[in-house]
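Chain lettering (A, B and C) follows the sequence in which the chains are written, and residue indices restart at 1 in each chain.
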Amino acid sequence: MMRDTLSDLPLVLDRVSMRAGATTMLDQVSLTIGPGAPTLVIGPNGSGKTSLLRLCMGLDAPSEGTVTWGGRRESRQTRRALLFQKPVMLRRSVAENVAYGLARAGCPRHRRAARTEELLDRVGLLELADRPARRLSGGEQQRVALARALAREPEILLLDEPTASLDPAATRHVESIVQMAAHSGTKIVMASHDLGQVRRLAGEVVFMVRGRVREQANARDFFDRPSTPEAAAFVRGDLVL
Amino acid sequence: MNAWQLIASGDATLFAIVRLSLMVSLSAVAIAAVIGLPLGALLALTRFPGRAALIVLLNGFMGLPPVVVGLSVYLLLSRSGPLGGWGLLFTPLAMVIAQSLLVLPIIAALTRQTIEDLWSEYRDELTAVGVGPWGRVATLLWDGRFSLTTALLAGFGRAAAEVGTVMIVGGNIDGFTRTMTTAIALETSKGNLPLALGLGIILIGLILAVNAAAWGVRAWSEQRTG
Amino acid sequence: MLRRHFLAIAATFLFISAGVSALAQDKSIVVASTTSTQDSGLFEHILPLFKEKTGIEVKVVAQGTGQALDTGRRGDADVVFVHAKAQEEEFVEEGYGVKRFDVMYNDFVLVGPKEDPAGVAGTDDIAAAFQAIRDKQTPFVSRGDKSGTHSAELRLWKEAGIDISADKGPWYREIGQGMGAALNTASSMNGYVLSDRGTWLSFKNRGDLEIVVEGDKRLFNQYGVILVNPEKHPSVKAELGQAFIDWLVSPEGQEAIAAYKVDGQQLFFPNAGQDPS
């Protein structure tokens, strides 16, 4: 697999705002994401998590401010992958979905079959390889999407609440794959509003409320000594609006 | 002689007419598909000034009168026309060209609709993995293949059933450019209504058979790939 | 996956082009002729004989005489084989045709409903019959397509002293279609129609129609054949076209025409060289 020699990290957002009409999704966000343990972006619905991840992916351009990857404004997207809350399954078999990701990442044709098998094994879907992807359960689809994202061998893997609509078993399955990726050196940036999940996965927490970053802290510090009242409420499990 | 006796006797003339009809209409659909599928997909994916007008035009051209297309192609291919040197008038190829023009708007317009719907679902994923314009077209056409079969079948139905263009540019020459529809028109004008109706029933049967085959392939393939 | 499809498409094209080129035989000519000769079945009888002798395939495009001459004018046919002498001579004079040859004749008949609302049955005066139809305003179907039969009909109105373009009313139906279509229309509305005898004899959907007037010498219907002028259109296959004309007017071709019968009745009477024009 071709790897860019330049790193996409640190990923830096500098006074970034994001607006659509009268709605402000992100408001003057400044954030630096460096290598290391998973960064969990948390906050209530509508706090701007999705917008933040899309900016980090380079999928959208900010209305104001700049996003840089390893100091560069433009960066090839092959170093990053983004997993959506509701995975988009191509109308193909499971294996072909993964092979598609491999092809897009520049994997040569003759290596694709072997790599596909490897990736499906990694997400535990080897026996479903020939099934139509769109007939799988939500959890299985999310794992296909993960395999397809990992096919890109991303340096940064962005995940937008990938387990929001999954049951506990499926959630655990996805989390273990994410953890495996993190251990093998992929930087995980994952949005979540599930406190348990944050405790299980996070090395670092970015806490957002209404389009602003309220807190960025080491996970243990965040849970032990939240520095804002909103964060404290969120950690207690109170409703934060 | 009525149509059933014709079929039962395995009449060689009837067989040749059926073969020519299928060949002309399927070729026209193939050509229109090669142009219309990517064209419709590009139209679905791109934004440019005048796009809306182009879409309205394309949708309107789905109802292009066959006689007008036939006449235009006739004037083009006539020895006195700009492409007269090709000597194509009154040949099966001329019928293929005329029918391709007739079918192209149908395939392109239905493709645009299908691909636009699919694109709204795929947009984020394909953008996220950095697929270029042609890659998008290829991916969407492939993933939309089941719905697009319907577009191709609509085109085929139109081509196989129309008489206006093939009559004008083909000339209904016995054993050369006589298709099912022009044969039906001829038998009608001879007052041989039972035979004309019989041929009509055979034509409907053919169209149904092609549709059934396409449906079968689609169902089988959908079973495998969703 | 996509590659396999391109292969399939490429294979389809090969199949098509092979099929098309197999159909496109070199030794062939295009003859623009009339619906009356086609609908009567004459060509199906004589063309195989001609092909057997010369190996030349004749592709007949059946149109009205006016349209057939126009097809010749545009250079889209090698030979025109029609039945409207005045128009044919004009065609030659304009330089589009090389020379006109008489080939055969038949006659027109006035066909009408058995109950004969205009009361014309049995007369052999076609002009009187036309006057009666106009006076009683009984439905009359006109080809209205500038064909040979249409020109003949217009000539007959004139000979009956009627200016049809001024006199026509709802009873006069111009359909702008071929002979067969005109007969179908007359059959369904029980109207009168002028037809060439050949098409009438081979017509199957007669309903209540029958011949009401025949035998007037003004109903004579002469067919002529003309080679399209290769000086106007170099694409004209002059040699093959002339071979067809030569065969038509030869004793052999004339016999073939005479031998064509429907239900024991001869449809066309060869008269090449007998009515020099």
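What we mean here is this: a residue touches a chain if its C-beta (ideal position, glycine included) is under 8 Å from a C-beta of that chain, and two chains touch if they have at least 3 such contacts.
All values derive from a computational prediction rather than experimental measurement.
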(message) What's the contact topology between the chains, one of line, ring, star, complete, other?
(response) line
(message) Quick check: which two chains are joined by the most contacting C-beta pairs?
(response) B-C
(message) By Cα centroids, which chain is closest to the centre of the whole protein?
(response) B
(message) Nearest whole angstrom, what separates the Cα centre of chain A from the Cα centre of chain C?
(response) 78
(message) From the mean C-alpha coordinate of chain B to that of chain C, what's the distance rounded to whole Å?
(response) 32
(message) Measuring centre to centre with CA averages, how many angstrom lie between chain A and chain B?
(response) 46
(request) Find every residue in chain C that makes contact with two or more other chains and list them. (result) 1
(message) Give me the residue numbers in chain A that touch at least two other chains, ranges are fine.
(response) 96
(message) Quick check on chain B: which residues sit in contact with 2+ other chains?
(response) 142
(request) Mind listing the chain B positions that touch chain C in their complex? (result) 20, 23, 26-27, 30, 34, 78-81, 84-85, 87, 89-93, 96, 138, 142, 171-174, 176-177, 186, 188-193
(message) Which residues of chain C touch chain B once you look at their complex with the stated criterion?
(response) 1-2, 9, 12-13, 16, 19-20, 23-24, 30, 35, 38-39, 43-44, 57, 59-62, 73-76, 177-181, 183-184, 187, 202-206, 233, 235
(request) Would you tell me which residues of chain A are touching chain B in their complex? (result) 57, 59, 76-78, 81-82, 84, 88-93, 96, 100-101, 104-105, 130-135, 152
(message) Looking at the complex, which residues from chain B come into contact with chain A?
(response) 121-122, 124-125, 127-131, 135, 139, 142-146, 222-226
